Amino acid sequence: MIHDFGIVWSERALLLSGLANTAILSTLSAAAALLLGFVVTPALMSKRPAVSGSARLFVDGMRCVPFLLFAYIVYYGFPSFGIRLDNWTAGLAALTIYNAAYMAEILRGAWAVQPREPIEAGIAFGFSEIRLFRRIILPPLLLSAGPVIGNQMIQIIKDSAFLTIIALPELTHAASSIQSRHYVPFAAFITAVFLYWGLCLIIEAGVSSIGRVAEARR
Amino acid sequence: MNGGDIAAIFQGAIVTVTLSLIGILIGLPIGLGLALLRWANLPFAAKVVTLYVSILRATPLVTLLLLLFFALPNIGVPINPISAAILALVMNTSAFNCEVWRSALMNFPRDQYEAAQSVGMRAGQRFRRIVLPQIVRVSLPGLVNEMSLLIKVTPVLAVVGVVDITRAAVRIGAQTYEPLPPFLVAVALYAPIVFALVSLQRWIERRQIAAEAVA
Amino acid sequence: MAEASKVLDVAGVSKRFGDIEVLSDVSFQVDKGETICVLGPSGSGKSTLLRCINWLERPDAGQIYLNGERVGINNAGIVMGDRELSKIRTHIGMVFQHFALWPHLTVLQNLMEAPVQVQRRPKAEVRDEALALLAKVGLGDKRDAFPAKLSGGQKQRVGIARALAMRPDLLLFDEPTSALDPELVGEVLVVMRDLAREGMTMVIVTHEMAFARDAATRVLLLDRGRVVETGSPDKFFSSPDTERARQFLQRYAGDIANGRR
């Protein structure tokens, strides 16, 4: 067994590059999904039925489709429309679009419980448009939604592992590659499991500190 | 894509639903057991459960499945794709269920438990007649949510060769060189199942809110 | 064009919500240094009137002038956009019933936020003034606290200081003590009374009759959206002209006599 871990250690470059890919992919798509969420949420709450209906269809649709299937559709299905994507772009696109729906729901929920009066005070004091959004609306919203967004990030990291099916060189793919070449399945995959766990603990630590910042202001 | 192909996908659906049900039915009581172990605060067991749940909630299902499928034979435990799939599903869902049950247990009003003690109920009775019915009620939305999440991760079974909806669709796409139509059929099969569970969850939540409003 | 000495000129303002006419042809003027108390039963439209002055609510009819400048409609006769309204609002301070402090900022940051971000005044100058205002309302030691940790009376005093930090021409108070526990009301009224004495131009919607009697230069009674009576507090509270005012006072007379209001 120790011998097996020794082999994994000798392949650490591959493993670490897989870890880096997972981390980068997840971070990029989480940020992009959150930004997209900021576009979809107002659409969800729009008074025009065409707009809110389409947004609702998108959000409910993504929640009813398994991510792995959606990734397959993006990677294999898009070429049918003439859009050829490499696996990185397809993976990033699938992760982003899929999770934008969840981020939109999260933001919608956080906005619904946001007290309106401090925002009205902002308007009364002359804040408008971007300044109102950036300095008065956004900070309390993010503080309140922080933990839920953190959970979604963990979900994104786990979803990224599905992308091994389209040969994206992330962590699970790296572990698979090591095990298939050296026949060290336990050592390879257990190491991957602990690396995922580590990523998760980092995010949970981040969420805790946001929680503390929010608590001081509550 | 012809009728035979669609039939193949429907057969995959049977596999998906069957394995999901098995995973759900086994995962529910195991999750409850784990939650009780932590709640009862048995010194060693509680720590093990905490660690187990934390790791399993952070582990992607595909990684877990590959680990079980390849590593178990390596240490002398033979396993076929279906068993590995069920084991992975159960381990995964029990960890998430544990958290749902645990939250209900932690928020259980202490005075109800003490009232049961004061009328002389024994531990087993207290649990069966007072605690369990109420935590089932409280946990229901979270558990149904977890069921819909479980269905959504079953495509991972395709990775070890189990012919569920997704693998059937992939196969057909590979044969016909037209991947999109079978994928769309697959979506059309998953979506109603998940949607039914999500609607069930919303209905349960609405009923509970209404019941609380009256009380 | 209204007279230059009038800080606020409200002319024929009407507003309806759905079928209900909340304000009907309300007119009044405020000179510099005056303290106007707007009184009336619940549902009389007092808060709506206040919120029309800075266009948080949009009047359906009528005109509003701040220092001779029209609020809400620009010179071309077109409804003002956010940016134009924003400029005018920086001259009108508002104190809210539920304090409306910004929860993610400390007390000092709450005071400095609008002067720095909206009025673009230099930070050092704003900070000095903010600290002085906090001392003035008796909360100098709370400058780094977050609003959530303050009592209601403290929050409202911060609210008043925050409005003052904008150096407004006019201060609007929307039932500033209605959300406070009784024993906390006094500390806020003291601050408001001092402001009135120092010559701040104020329009206050309130239920505090004793305060109105002491601190107001003029009193306005609103009932079902109309101005029923207006006059000096002495006259209004002792011998009002209208029957409606008499009825209103009868309901509160006991409260005034017992010192409860």
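Read from first to last, the chains carry the letters A, B and C; within each, the first residue is number 1.
The rule is short, and it goes like this: a residue touches a chain if its C-beta (ideal position, glycine included) is under 8 Å from a C-beta of that chain, and two chains touch if they have at least 3 such contacts.
Source: prediction; values computed, not measured.
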Most distant chain from subunit B, judged by the mean position of its C-alpha atoms: C
Most heavily contacting chain pair (counted by C-beta pairs in contact): A-B
Middle chain, criterion being Cα centroid separation: A
Chain centre separation (subunit A, subunit B; CA means) in Å: 22
Averaged-CA centre spacing for the pair subunit C and subunit B, given as whole angstrom: 57
Computed distance of Cα centres, subunit C from subunit A, in Å: 46
For the subunit B and subunit A complex, residues of the former touching the latter: 54-55, 57-64, 66-67, 70-71, 74-75, 151-156, 158-159, 166, 169-170, 173, 178-180, 183-184, 186-187, 190-191, 194-195, 198
Complex interface listing, subunit A residues touching subunit C: 117-118, 120-129, 131, 135-136, 139-140, 143, 216-218
Complex contact set, residues of subunit C against subunit A: 54, 56, 82-83, 85-87, 89-90, 92, 94, 96, 98-104, 113-114, 117-119, 146-148, 162, 166
Contact set on subunit A toward subunit B in their complex: 60-61, 63-69, 72-73, 76-77, 80, 154, 157-162, 164-165, 171-172, 175-176, 179, 183, 185-186, 189-190, 192-194, 196-197, 199-201
